[in-house]
Amino acid sequence: MRFVHWLVILVPAGLTWASFAYLSLDLGQLFTAEAQKQMWQYAVSFFPPDVSSDYLARIGAGTLETIAISAIGTALAALLGLILALPAAGRFGIVARVIARLALNFLRSIPELVWAALMVIAAGLGPFAGTLALALHTAGVIGRLFAETLENTPPEPAQALRLAGSRQALAFLYGTMPNVVPQLVAYSLYRWEINIRMAAILGVVGAGGLGQMLYFSLSLFQQQQALTVIIAMLVLVAIVDGASAWLRQRLVD
Amino acid sequence: MNSVAAVTRDPAALPRLALTVLIIVLLWPGFRLTEFDVGMLFDPRNRETMGKFVATFFPLASAPEFLRLVAKSTLETLAIATAGMAFAMLIAFPLSLVVTRTLSISRIGPGPGVLTGRMLRLPARFALMFFRSIPEIVWALVFVRAVGLGPAAGVLAIGIAYGGMLGKVYSEILESGDTRPAIALLETGCGRLGAFFYGMFPAALPELVSYTVYRWECAVRASVIMGFVGAGGLGQQMELSMRMLNGGEVSTILLTFLLLVVLADAISAFLRKVTQ
Amino acid sequence: MAKDMSISLSEVSLVYPNGLPAINRVSCEIGNGERVAIIGPSGAGKTTLLRMLATALRPSAGALTVLEVSPWHVGRNALRRLRSRIGMVHQSPPIPPRQRAVTAVLAGRLGRWPWWKGLLSLIYPVDIQGAEQMLARMEVADKLFERCDRLSGGQLQRVGVARVLYQQPDLILTDEPVSAVDPALSNRVIGELNREAVERGVTLVASLHAVDLALHWFPRIIGIKSGEVVFDLPPVRVTDDMLRELYASELTYAPTQDNRPLALNPTGIRRKPLCS
């Protein structure tokens, strides 16, 4: 073994040890009989899940709210992303391009959850904040991709239309958009799938949906209800996975 | 040419109309459900709060003791990610060895082990799936209630959630590699661990390391976000500053977060290049 | 400027930004309603000349007038109005692959329509019959609602011609309009373009690779080579030697549709071109 190999092994090992030391975590403490008994009790307290029809109805409402947050958030994001992508693709000059790219990067690099926490301050607790948070972050992601698509689209069709006397905006709609729209739709749907998962957990900072229900139930030490919410999240994600795989297979053309 | 009288209609018109109506019908209740109200943003009370808050974003908070606090939280975040990853590997390795089908001794020849093997693999597979399908932030919430506010909950959450992901991907890497050396060793009567370390590990190592490093990068980001529910680190600090509507502190922490992400990205890219 | 001139070039040169000269001091006048074929070896500047006439390229020197307008000395709106009177058939039809033929054809009149009509047509094609008529003239009426990426190269090229016919321009420019169409259909397409020009009394300038098509259909032939006009004659006076000279650098004989040597009559009298 060469020196480098030892380095590759020893440095991470050292850093891991340092991390545990810095956090003053004692893993041994987790495995004492006392701690294990407590953990077990905590785990058991989640069972059985609360399946009273009353609570299930609330779960249903929360699930619908989660789906609505993700759908509206993604739709708004597609719109906002499109608006920002045009300048970002250099359609309105170099200055607008730089500014739009900066804006897109900023929107994208702040995680959904941080946006959600900020939006809760701006729009109050509830699903509206979650919708805005998803819209802002996703607009950055979609906008960047869309700008790239616009830049890579062949310019000839729109150019030919302009040579036939068409207005610039109409030449864009007839010559460029047909190339771009399918990708925009496909990518927005893909992001929607991701955003459903995200919307389910955004609520932990108060932005509505299933996450908010989970947060409340855990705060009130109602573990059985919390487990119901977690199961609902898993079921929702499983359904979305299945549906998207099914759709993808059918739309493959 | 004899059917000139028949005016052709666009066959796509009806499907298009139906799709548009469908989208509107589906999105409309969405706006109701999300309590969508742009007016809310311009509600004088909200606007005042937000206005004041945003106005304080600049200048960035730069008091020495606050910067010290940020530095401490940043280190804490990195430590949570690293310790969490160590914990995750501890979970992932044994489970992935159990799950990897090519390492199954019982599959080589008919014997009494077939059923036992299957009985062992199934729960391991289920455990990995269970760990990774619950998002890390939910694990964090659960553990914060169990072990209290602070980094321990973050480490446990990353350990469990990422353990599930690592375990699945490890076994996929092992199964996709060249399995002949390991099978040859198993056939000569070598044990499971021996076959793994001598027959599979060397070839799969770069890919395993590369994926682990990539996950570490994700763990750094995740540990910041988990702070929002009280699992320590930079996120917890940001949550506190937001709650106090201290914009300067928030923007300093946001900037630190962005730098941290860039740094983690660079480190991970460098490590992956070195190990390839 | 002479009256009734559709195109007039005087001492026009064009040098590409990379320093490559493409057109060298070309002077020529084409009257209203004239039908002209431009022939010459590849790289002679046929496409550049046509793109200049289509106001896509600006000459570096000399005076250019198209439809009695000097395109580079008028305002934006006047230029747009001029362009809507020029129809260009491109060698590879510039139609987005996923657009339907009907939309592609209707787009030809975007320059004439008010803007709201253009928008409306995106929702429902405003003149299906008009588009169908033009496609029928190109024998692709059955592809009216077909997506353009599902058409063959030849069909797509004919959709491109149909778009220009639908535009009803005062000057039709065509750049190798039948390069992807089989000989029999080529004859039909070129014939249809000529019929349009004769019926509506508009000018037609076509660059053609196949010399036999040019000699058969056009009353005036311009041969160009290295960006300069070599001859400008009615087809009966174009001799075998001239053609051999024109294509000397690339072929031993003038290119035709099916690459059979052109049967030239030494007296120079051949088929009579379509009367104008």
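The first chain written gets the first letter, and so on, giving A, B and C; residue counts start at 1 in each chain.
Everything that follows uses one rule, which is that a contact is a pair of C-beta atoms (placed from the backbone, for glycine too) under 8 Å apart; a residue touches a chain by one contact, two chains touch by 3 or more.
Keep in mind it's a predicted model, so treat the numbers as computed, not measured.
The set of chains touching chain B and also touching chain C is given as A. The most distant chain from chain C is B, comparing centres defined as mean Cα coordinates. Between the Cα centres of chain B and chain C there is a gap of 58 Å. Mean C-alpha position of chain A lies 52 Å from that of chain C.
Separating the centre of chain A from that of chain B, both taken as means of CA atoms, is a distance of 11 Å.
Interface residues of chain A, counted against chain C in their complex, comprise 154, 156-157, 159-167, 169-171, 173-179, 181-182. Put simply, chain C touches chain B in their complex at residues 100, 102, 124-125, 128-129, 132, 144-145. The residues of chain B lying in touch with chain C in their complex are 7-13. Contact residues on chain C toward chain A in their complex (touch as defined above): 54-56, 80-88, 90, 92, 94-99, 103, 107-108, 110-112, 115, 118-119, 122, 167, 169. Chain B contributes residues 26-27, 29-31, 33-37, 40-41, 46, 49-50, 53, 75-76, 78-80, 82-83, 85-86, 133-135, 137-138, 141-142, 145-146, 151-152, 155, 209, 221, 224-225, 228-229, 232, 238-239, 242, 245, 254, 257-258, 261, 274-275 to its touches with chain A in the complex.
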